[in-house]
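Okay, got some structures for you below.
Shared between the two complexes below is subunit A, which pairs with subunit B and subunit C, respectively.
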Partner chain A sequence: MNSAYLAYAAKRLAQALVVSVLAYILTFVVVSILPGDPITNVLRDPQNGFTEDEIKAIIAAQGLDQPIPVQLWTSLSHFVTGDFGLSMRSSRPVATLIAEVLPSTLTLASAAFAIALLLAVTIGYGTQFLPKRLGQGLLRGLPSLFLSVPNFVIGLILIHVFGFQLGLFRVIEPNSFWATLFASIALGIPISARIAEVLIANLDKESEQEYAAVARGRGLTQMRLFARHLLKPSSLPVVTVIALAIGELLGGSLITETVFGRTGIGSLVQRSVSTQDLPVLQAVVSLAALVFVIVNLLADLGYPLLDPRVKLIGDRKYRPTTADDSPATVTAAVTS
Partner chain B sequence: MAPQDGLTANIFKRTAPVPLRPLPLLRVDGLSVSYGPHEVVTNVRFDLGRGESLALIGESGSGKSTIARAVLRLLPSSGRATGRVAFDGQEVLDISERGFRPLRGRAIGFVPQDPANSLNPVRTIGAQADEAAALLDEPDRAIRKQLILETFAEVGLDNPQRIYDSYPHHLSGGMLQRVLIGLAILPRPALLVADEPTSALDVTIQKRILDLLTRLQHDLKISLLLITHDLAIAAERANSLVVLKDGVIQEAGRTAAVFSSPASAYTRKLRADVPALNPDRYAALRDVGLRALKTGEAATPKIAVNAVTKTFTVDGKTLTAASDVSFAVPAGTTHALVGESGSGKTTAVRLLLGLEQPDSGTISVAGEEITGRSPEALRSAWRHLQLVYQNPFTSLDPTWTIEQLVREPLDRFGIGTRKERGERVREALADVGLGEHFLARKPAALSGGQRQRVAIARALVLKPDVIVLDEPTSALDVSVQAGIVEVLLSLQANLDLTYVFVSHDLALVRQLAHTVSVMHRGRIVEHGTVADIFDNPQQPYTRSLLASIPSGVTGAAAAPHRQFRAAADA
Partner chain C sequence: MTFASFSDSRTSISRLSAVRVPPTVALSFAVIAIVVAWALAPELFTGHSPIVGVPAEKLLSPNASHWFGTDHLGRDLYTRVVYGTASSVTSALIAVTIAAVAGGFMGLLAGFLGGWVDILLARLVDVLLAIPNFLLAVIVVTAIGFDTTNAAIATGVSAVAVFARVMRSEVIKTRRATFVEAAFLMGGSRWHILLRHVLPNASRSVLPLAVLQFGLSILVIASLAFLGYGDPPPASDWGLLISIGKDYLKWPWLVYAPAFVTIATVLSVNRISRWLRKTD
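Entry: the complex of A and B
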């Protein structure tokens, strides 16, 4: 861990902070310029029976008559301290609502992620070493197959086969171990496909490299060749894909939770959308953006640790000699 | 790997009489290799005795590397080898991978061609060295590490601990090749297969690496199977030679016999193509430039580089890439910049092309000042000043046709009508010896030599005065190189071109240059005419460069291993 890396990490962290704040502002602005004002709609609901003056008093008390930038500042400063406001429907703190469903979604997402990784690496290993006659081609076709089947279909099939036919889990107990496992499989399969696609392409590339042949010539077993030589360089581009797949994990969990009847962030979002519960939506969207930023930050921070060749400083004055010099740029510069 | 071959092999083993002479360590008999329907190696046979060395020679495509891969059982999955390969009496071609693995590394070591791509880039050298050390069945990690460090010292690496902790990209090509040789000899194999171990390296490094291989071979009694395209190297380093063309043996025998009196026309051609053995091959063509040199001395030089200095700052350290560099090139002659990697040749080229600005000093080409120009003003200078890059495999856009590639400079400078450009392109291609049928092809359909001809045509098409040749043949075989050299010299004789020729290959410089500057650590240590430098070098550095040219004599031919039988069955 040298100073160049720390400087790089600090820079990336600062960038991540800026992006998170911008994401929050963007959601806030979009929500406030949307036509229709759910807050006054609620207040004006005849069932609530507020008078015009009471409505004005409530709006003033909540600071909703302030200019948008002031409202934004109030909201953002509250958000940073973990105060996401009150749900408009249940009048309970949004933070509490989210905290109630978060563990279930986190369990599902992390299990799905682990399954996706395991599947992808297994498929990757198979494509390199499984003999052609034993279905290597089939393995190579798996990612496209996984991607082309929507994950709710996978979910329904799993429920039908393992829930109803084999009776491994009871559909009415969505949080039991087996139900969680199969929900994770349903969610993990499409994500494993994305990872596997990139992994296979890179394994193919790396195993053709001279160093793979040299290492084989050194008498390494298949398993060691794969684990020590091929997997690490091939997983570098996969890190980027994984960071992007987290987004899919968030989106996919919504569908999977619905299919398996689990309560989670997905079901919370679904309810909030149908009831226009803006504080909840604002909080969930901002948190999702935050998760995305953090995962990408981790990927960026991990990359130089995985690949020692990554140069951390942008523009150097020194130009490497011939070997590293891109010939295309040199010739292009001269002929253009 | 057809089953009946295995059967034959077994019958052979049972019925073969006890050999009177010791069994060769490696016996290759009737070996054929094919990729799909294409047979690239046909019925090759040779023997390599213990402690002996044998060189497989040929151009690229001759199948020499394929034979090495077949012996190592590292053929790509589409490759199929048939015939017999017996290592130490044991048939290895049709045993299972599991059965062969104990031989890998332990008994048969492999030194690959391109050291830069032969170590895993994301793992430390130490981690990879430990894999080789593990073959010694030494359970103690500390002892294994000690063995690795000792081996690194043995192959001439200073500061083994630093090497152990380094990643491959921290080391130079020469150092990496020493590491790879170290890893190959660490488990003390009986056979070392070296596939063009020096073709990616500088001439001086090449000599040191080959010396190292020869020394280790003698010290450790290792048999060496050397693959090379350079007859001079093969003759210096091997006891016997096998000359291949298109996968078929042309000639085989003891080195002295094959080298001094080649029986086949092909071997004679290979011999003629080695620059070191034929310094005056192009004397007639080169004389045109020599006359220009004599008459041009009084006139203004085409290129004048005056006291140019360039420094770079890397990690706070100042690196002087060019220090007080001066040279002048009269019109119609070739000036060679000679030196090892890191000597400042490439910086000199970049300065000359205006891609870098010097800290001090001036450069002028065809009377026009290059230094201190805006990018727009440089563009006009580039009409007279073109570059041919060293690697034709990466310098041509693979998605373009040859016509587009050669025409691009004309398009960019807006020269002539569409029809005139087309004619000019055909003319330039004809100049480099390529017919019109190449116009519609793409680089992938061309050989390395043809690609480099396209690159030259691309430089020629603007009718420049000066062409900078940055190691134009270093990625090519000796025979292909000879063709390119001939094209360059006849172009110069016909079109009165001025060349700046950057190279580490002194033998080549002697064949085609008129004046030479020897660069070392950013300085010109010696300069003069080719005759001055080659016949009467003044500086020790120049002398060491000259000594590294492979000459085809000494080395293994005189090595103390003659008691073993002749390896090749000619």
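Entry: the complex of A and C
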């Protein structure tokens, strides 16, 4: 822990803070250009039975007649203290609505993540040790195939095969063990592909290293060679992909929850989109961005600590080869 | 990128014939050719109507006269898929164009001007990356209204950051090249160098990315259509067809046929993108 690292950490932290606030503002701007006038639409709903004067009073009390920048400031300062406002449809605190559905989404997302990791490592193992002709090509093509299948199609295939044909679960019981498992598989498969792509590239690189040859020469078992000499050094670059995968888990849960009929953050968003429930959308999107920023901050801060070869040069940080980077974008500062 | 490869003046056509095309890539091009043909002239590929069905022939399984079977209104599913192609493909094209132009422009400015412009744009890109892609597309399409064109715009917006990042790094790499330095020394103006030397070279690696993003956009737009954020029926975008099919899982071809077409298209596009990246 030297002063260069502390300076780097401070800079990254400040950046993360700025990005979080900007994400909130961007969301606010996008959400506030919604067509029509969702706020008065709700208030004028005959079921609510407000008179014109009452509507004006409510609007004034909520500060909705203030200029947009003032509204933004009020809403942002409330958000920081954990007050996400009231849902426009149910008049309940947005924080409560989110807290209610969060466990379900967390279960789904963490199971999906575990499955994605397991699948990626299995594919990675196969690409190193399966005979060249037999299956290796197939395994190497698997990530590409996974990324070409719409997320909801994977879900529908699983429901059709395992739910309808094999009768393992029933669609009307979305929280049963099997239904949750298959929902997690549907969500996990595209994410496993992203991890596998990077893992395979790094495993290939590692297996060409001299120490891998030495380990092979010492007669280590495949499993040991893989775990200690190939997987371990390859897992660091994967950390960055994993951090990026968090966003995909959140986005993917929207589809998966719809397909499997689960309640969760995704279905909350979908409901809020169709009812134009602005406070809920604002809160969920900003929280998603916040989670993403924090996870990536942790990954970036942890990286130099985990890999002593990484030297921090200015604001350039070590970035491993990731799938969507062209070789040029990788500004590696590794000295070996 | 060296000076030699830059001054290489072979046309792209002779380059294509010089490179041997692997069979899977040839197959991918064939798939894309069919899809493009479907999009341009759907009436040449089917004699059925995509909108008016024959009620007596509803929910038939795939057979000689109905390759993909028929749906719950007795419409030929193959015809629906063929007629849905134009909108599915065009919207992905719109999305990629928006993302490549806006993102490319941002990356170009950030990389070439540097300084505070770079810092400002870098933060904007960070913000766009921070909001999960699909969630961003969903709120943008919510804000501008539900139809297929808007879904395409939203998908494009959500992909701007990726292009900006790649373009920026390519521009920075090109800017340091010897020939750009030479152009500066010969008295070329900033804008002349930017447009004449930096842009053409930096855009090279944007092409494979654009192709890859085209495939991704098909998926994202299909997902938006699946959630009902695109044109309503009787439109027959691939995502919408799958979405309708999910209510009739007893007749699984209603899901599998349009899904198969979508997957084949995206797989082909991805294969071509990977091939482009390798040969460039």
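We take it that the second predicted complex is superposed on the first by the 284 of 336 C-alpha atoms of A that agree within 3 Å, B and C clash if a C-alpha of one lies under 4 Å from a C-alpha of the other, contacts with A are read in each partner's own complex, and residues count from 1 in each chain.
Here is the rule we use: a residue touches a chain if its C-beta (ideal position, glycine included) is under 8 Å from a C-beta of that chain, and two chains touch if they have at least 3 such contacts.
In this text, all values refer to a predicted model and were calculated from it rather than measured experimentally.
Novice: By the touch definition at the top of the document, which applies to A:Ile172: first (subunit B), second (subunit C), both, or neither?
Specialist: A:Ile172 sits against neither subunit B nor subunit C.
Novice: Have a look at where A:Ala288 lands relative to subunit B and subunit C in the superposition and call it first, second, both or neither.
Specialist: second
Novice: With both complexes superposed on chain A, which partner does A:Phe152 reach: first (subunit B), second (subunit C), both or neither?
Specialist: After superposition on chain A, A:Phe152 lies in contact with subunit C alone.
Novice: Please determine whether it is subunit B or subunit C that touches the greater number of subunit A residues.
Specialist: Greater contact footprint in residues on subunit A: C.
Novice: Once the shared chain is lined up, is A:His229 touching subunit B (first), subunit C (second), both, or neither of them?
Specialist: first
Novice: Give one of first, second, both or neither to describe whether A:Ala213 is in contact with subunit B, with subunit C, with both, or with none.
Specialist: Once the two structures are laid over each other on A, A:Ala213 reaches subunit B alone.
Novice: By the touch definition at the top of the document, which applies to A:Thr27: first (subunit B), second (subunit C), both, or neither?
Specialist: Touch partner of A:Thr27: subunit C, not subunit B.
Novice: Figure out whether A:Gly252 sits in contact with subunit B (first) or subunit C (second), or with both, or with neither.
Specialist: second
Novice: Could you tell me which stretches of subunit A are touched by subunit B in one complex and by subunit C in the other?
Specialist: Touching subunit B and subunit C on subunit A: residues 325, 328, 331.
Novice: Under the touch definition given earlier, write down the residues of subunit A that touch subunit B in their complex.
Specialist: Result: residues 208-211, 213-221, 224, 228-229, 232-233, 236, 306-309, 316-319, 321-323, 325, 327-328, 330-331, 333-336 of subunit A touch subunit B.
Novice: Give the list of subunit A residues in touch with subunit C in this complex.
Specialist: Interface residues on subunit A, with respect to subunit C: 15, 18-20, 22-23, 26-27, 30-31, 33-35, 144-145, 147-153, 156-157, 159-160, 164, 247-248, 250-252, 254-255, 258-259, 269-270, 273, 276, 281, 284-285, 288-289, 292-293, 324-326, 328-329, 331.
Novice: For subunit B, which residues count as touching subunit A in their complex?
Specialist: Touch list, subunit B to subunit A: 72, 74, 76, 101-106, 108-110, 112-114, 116-123, 127-128, 131-132, 135, 167, 169, 173, 180, 183, 312-314, 319, 341-342, 346-347, 350, 353, 355-356, 379, 382, 385-387, 389-391, 394-395, 397, 408-409, 412, 455, 458, 470-471.
Novice: Taking the touch rule as given, give the residues of subunit C at its contact with subunit A in the complex, in rising order.
Specialist: 123-124, 126-136, 138-140, 142-145, 162, 165-166, 169-170, 173, 205, 208-209, 212, 215, 219, 222-223, 226-227, 229, 239, 242-243, 245-246, 249-250, 252, 255-256, 259, 262-263, 266-267, 270-271, 274, 277
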